[in-house]
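Heads up, there are several structures right after this.
After this come two complexes, each holding chain A, first together with chain B and then together with chain C.
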Partner chain A sequence: MAKIILDNIAHTYEPNVNNPIFALKEMSLSWADGGRYALLGPSGCGKTTMLNIMSGLVRPSHGKVFFDEREVTSMITEDRNIAQVFQFPVIYGTMTVYENLAFPLKCRQFPENQIERKVREVAEILNLQDYLSNRAKGLTADQKQLISLGRGLVREDVAAILMDEPLTVIDPDLKFRLRRKLKEINDKYKTTLIYVTHDQNEAMTFADNIIVMDQGEVVQAGSPKDLFERPQTTFVGYFIGSPAMNLYKCSVSSQNEISIGAKAFKVQTNINSGSDNLKLGIRSEYITVESEHSDNSLEADVIEVEDFGNYKLITASFDSLKIKAKVKRELDIPSEKVILKLPAEHCCIYENNKLI
Partner chain B sequence: MPKLYTFLKYFFVVLWACFVIAPFLWAISTSFKDFNSVTGGATYIPWLQFEPTLDGWSVLFKPGSQGGINIIGPYFNSIFVTLTASLISIVLGTLAAYALSRYTFKAGIVKNNDITFFFISQRIMPPVVLSIPFFIFLSSLGLLDSLAGLILVYIVLLMPIAVWIMVDFFNRVPREIDETALIDGCNPFQAFFKVVLPNSVPGMLVAGLFCIIFGWIDFFFAFILTFTKVQLLPVKIVALNSSITPWWSLSAAALVSVAPLIIVAFIVERYLSKGNLSGALK
Partner chain C sequence: MGWFSTTPFLNVPNSTQITYRKSSWWKLNQQRLTPWIFLFPGLLLFLVYVIWPIFNSLYISLLQWDGLSPAIYVGLSNYIELLDDEYFYISLMNNLKWLILFMLAVPIGLGLAIFLNQTIFGIRLIKSLFFFPFVISQVVIGIIFSWFYNPRGVIGPFLDKLGLSNYAILADENFATYGIIFAGIYPQIAYCMILYLTGLNNLNTDQIEAGRMDGAKGFSLFKNIILPQLKPATFLAIVVTVIGSLRSFDMVAIMTQGGPYGSTNVLAYYMFETALSEYGYRMGYGSAIAAVLFTIMMFYILFFIYRMYQSEKKGL
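Moving on, here comes the complex of A and B:
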């Protein structure tokens, strides 16, 4: 187990080209020992490259990797003692389930009785105990993925377990249970877990810390609450949360007031900028339905009200802008005009897509 | 409707089976005929239409002094040369193919695909082009008319087949398997031998089958590069030909020489039809 530090890491897959495209732009990042992280971002944003750099499958073209104080940048994968689980199940088809699970321990020459104990323990966790003597090849896709996961879990002393969207092929119910298991394992063994996903719910429920990436850069790292309430960029606001954050172009009317079209809104941000690329962002969860006008309220035409069972989602328009509000389902929503309030404390102001 | 389908299916299978087996039946019956039964018009049923005789077969095993050709020595020579060359080709070809599939090579403008093509291009060349170079090559090594010389030449001929089939095979084996093995604690060699290789048996069987077929049927190089000390089966069989074509012993020789290929095909087919390729990923 170790703290993993990425020191000025950058990576390009075409190092010999002028002006190469960087899959990972220069960044420094550290992963605390025993932490539970989610790496979140759209496809192709560099998540997998980052994992491969940590596991040693990819050698970064720039920068250094440390496990605690030890530099491991050029250390080969087998010496790093890292576990990595890929998106699609990888099994050793010619071996039994037991041999598959025992393989990482066998490779590292653990004594036979220890291997047996550990394999049975992990098989129990993953509900594979009845299949141990089966050939791995004949199992279903999700069972195969459990084997991949199991191979990551059999070693207690790993520096970290890196998981690259590991639950994609697993059905929702088992997915939920496995995430809880992974949390338990993290609590019990204090193994660092780094979990790559593009599913924000998965990230929010699994991790203490979420790192959001976009186009090879870390755009925000923080707790699920931070990411939800104070997205650092409009990208994070848009990417995290369902529905995405409401974002409107706005202009400054005074230090604590902005206007969208002709309508003025109070905000708690001190705006000193004269930039003309300002945006107001507000989560649909924080927009309330009011019966009469007050500060920061606006009147909008209801386009659609969707009932999601546990909440209602109002889609309305004002000044030809769409606004989405998530409200309690008991609430009666007028069918034509609705008064919506944008509380000042939840209004985020973005300049050039960055939070001020 | 399904009944009609089943009927048609079996009908065509039976038809195809007849088509495949007819030449064999023809050869079998001819091998038991004598001169008169062959030249006196088409006959099919032994004892009824012609009197079977073992003359055609006995020629194959009689020594030269008694007018035979004695194929036993050449037969084992052929088996030895083909198997040895195929085995070496598969071993070297598999290693080369794995490297070509997993690692990036670059020398100027030459890259992995060019190297793979270089191997295959050895098969594109007409054998005649290679005959003189091979002759000079073997004679300078003192390996003309020897088993070792033939094996060397056959490796050159068979390895491209092995490389070609195995590169394609390894390209379809997901890289994640190697990577997982590395993560699980193997070094690259262990990853290859412990994980990738056991999964590659079907590919190696196919490559082996092709190597054995192409090695076994080669007449040209065996004819050019050997004289009296070492002879392979195809060369020996051709020696049967004389002013009167001995159809009976040629048929017997054809049956004897095709038998090992049929046996190999039956063994390998079992492994192929299992679909061993699937299931490693997804």
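Moving on, here comes the complex of A and C:
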């Protein structure tokens, strides 16, 4: 177990080109020992590159990697003591489940009795104890993925278990169970788990810290609550949450007031900027339906009301702006005009797509 | 309209009567027949050039026939004669030697493939050069090796230094077979190497990376992670090598013609010698040898088909 520190890391896959494209732009990050992290971002944003830098499969073009105080930048994977679970289950087909789980310990020449104790313990946690003598080849996809995971868990001193979209090939109901299992494991063993995904729900339910990446950069790192309530960039607001955050071009009218077209809204942000690239962002969950006008309310034309069972999603238009509001399903929505309120405390103001 | 109400269900107007679409026999059986139609040309050729000759040889093996004169039915006497034929046993033993030593081509081919499986400049040229022995004619290889073995050839001077002056392996009845097998292995190694090179190209990198993270190094990584993934290539390499060793003919024909004193004969060559060369024109006897060779191969092939079927049933 170790704290993992990435110090001014950057990586390009074309080191010999003059102006190379960086898959990972320069950044520093540290991962606390025993943390449960999710690395979230669209395909091609550099998630896997970052993972491979930590595991040692890729050597970064710039910067250093530390496990605690030990520099491991040029250390090969075999010596780093790290485990990785891949998108597709990796099992050693010629071996039994027991042999699969014992393999990492065998390679490190642990004594036989210690191997057996550890393998049985891990098999129990993963509900694989009944399959220990079966050939790993014949198991189901989720059991195979558990074996991949188990091979990381048998090593008590593993620095971290890196998971690269590990649940992609698993059925939805099993996904849920496995995610819970991962949480249990993290609670019990305090193993650092780093989970790469492009699915925000997976990230939100799994991690206590989410690192959102876009185009080779970390755009925000924080708890699921932070990401939801105060997205640092419009990308995060757009990428996280369903539906995406409502975003409108706006202009400053006074320090705590902005205007969209002719309509003025109070906000709690102190805006001192004269930038003309300002945006107002608000989550559809925070928009309320009111019976009469007050501050920050507007009257919009209802375009569509969709009933999702546990909530209703209103799509309305105001001055050619589209507003999406998520409301309780019991609420009666007028069919033509609706008064919507954008509470000042939930309005985020973005200058050049960055939160003020 | 009183009659109508009493029999309302029987009176169905003509226009609403259900008509079944007439389907031709072809339409109904199309799905089932199509594969057979596509297979037909192949099956026909297989029947004419493989199945029929097999049964015809089995029949000829019961005859005494020189190919021209009328054939005489002699029952199993060709087979009985075979049991007492010294040269038959020599050929059979030589086939066994071929079989065992030929298997060396598989690990050597694997070794070469791993050696060549790297990304350096010009590796493709080097790979094709290593594959060259398989591309050139066996006749050429046989002639080249005959020249190698010649006391005045390439290895002669080295043998002189070892105290074996004027030693010609192909003239030594105890070792000539090994000399031929060595020449025969040379292109076979290239073949196995190519099979393994393709296998190495298709390795699952995830599995290797996971293995490395699990701490597998060197031989452990090779044995536990790489070799199992090469299983299909190994299977193919063993099959072609075994078959190649059993039907060895050309090398023997080129290098020694079975000599000295029949000591390098193999079943395929001995069959040719008795049936079709100036030594005999004994079609029946040659066919009996062919039948024995066929039986050995059949056992082996059935064993492999069974193995293949079993592993496919297990889902791999």
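What we mean here is this: the second predicted complex is superposed on the first by the 356 of 356 C-alpha atoms of A that agree within 3 Å, B and C clash if a C-alpha of one lies under 4 Å from a C-alpha of the other, contacts with A are read in each partner's own complex, and residues count from 1 in each chain.
Note that a contact is a pair of C-beta atoms (placed from the backbone, for glycine too) under 8 Å apart; a residue touches a chain by one contact, two chains touch by 3 or more.
As the structure is a computational prediction, the values presented were derived from the model and not from experiment.
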Query = Sharing chain A, do chain B and chain C clash or fit in the superposition?
reply = clash
Task = Name the contact category of A:P20: first (chain B only), second (chain C only), both, or neither.
result = neither
Request  = Examine A:P334 and indicate which partner it touches, taking first as chain B and second as chain C; both and neither are also allowed.
outcome  = neither
Message = Per the contact definition in the header, classify A:R108: touching chain B only (first), chain C only (second), both, or neither.
response = both
Query = Touch check for A:R151: first (chain B), second (chain C), both, or neither?
reply = both
Inquiry  = Just checking: does A:S55 make contact with chain B only, chain C only, both, or neither of them? Give me first, second, both or neither.
reply    = both
Task = Could you tell me if A:P42 is touching chain B, chain C, both of them or neither one (first, second, both, neither)?
result = neither
Query = Once the two structures are fitted together, what part of chain A is touched by chain B and by chain C alike?
reply = 55, 57, 76-78, 82-84, 86, 88, 90, 92-95, 103-104, 107-108, 137-138, 148, 151
Query = For the complex, which residues does chain A have touching chain B?
reply = 55-57, 76-78, 81-84, 86, 88-95, 103-104, 107-108, 137-138, 141, 148, 151, 169
Query = Where on chain A does chain C make contact in their complex?
reply = 55, 57, 76-78, 80, 82-84, 86-88, 90, 92-95, 103-104, 107-108, 137-138, 148, 151
Interfacial residue positions of chain B with respect to chain A in the complex = 174, 176-177, 179-187, 190, 195, 198-199, 276, 279-282
Inquiry  = Taking the touch rule as given, give the residues of chain C at its contact with chain A in the complex, in rising order.
reply    = 204, 206-207, 209-217, 220, 224-225, 228, 314-316
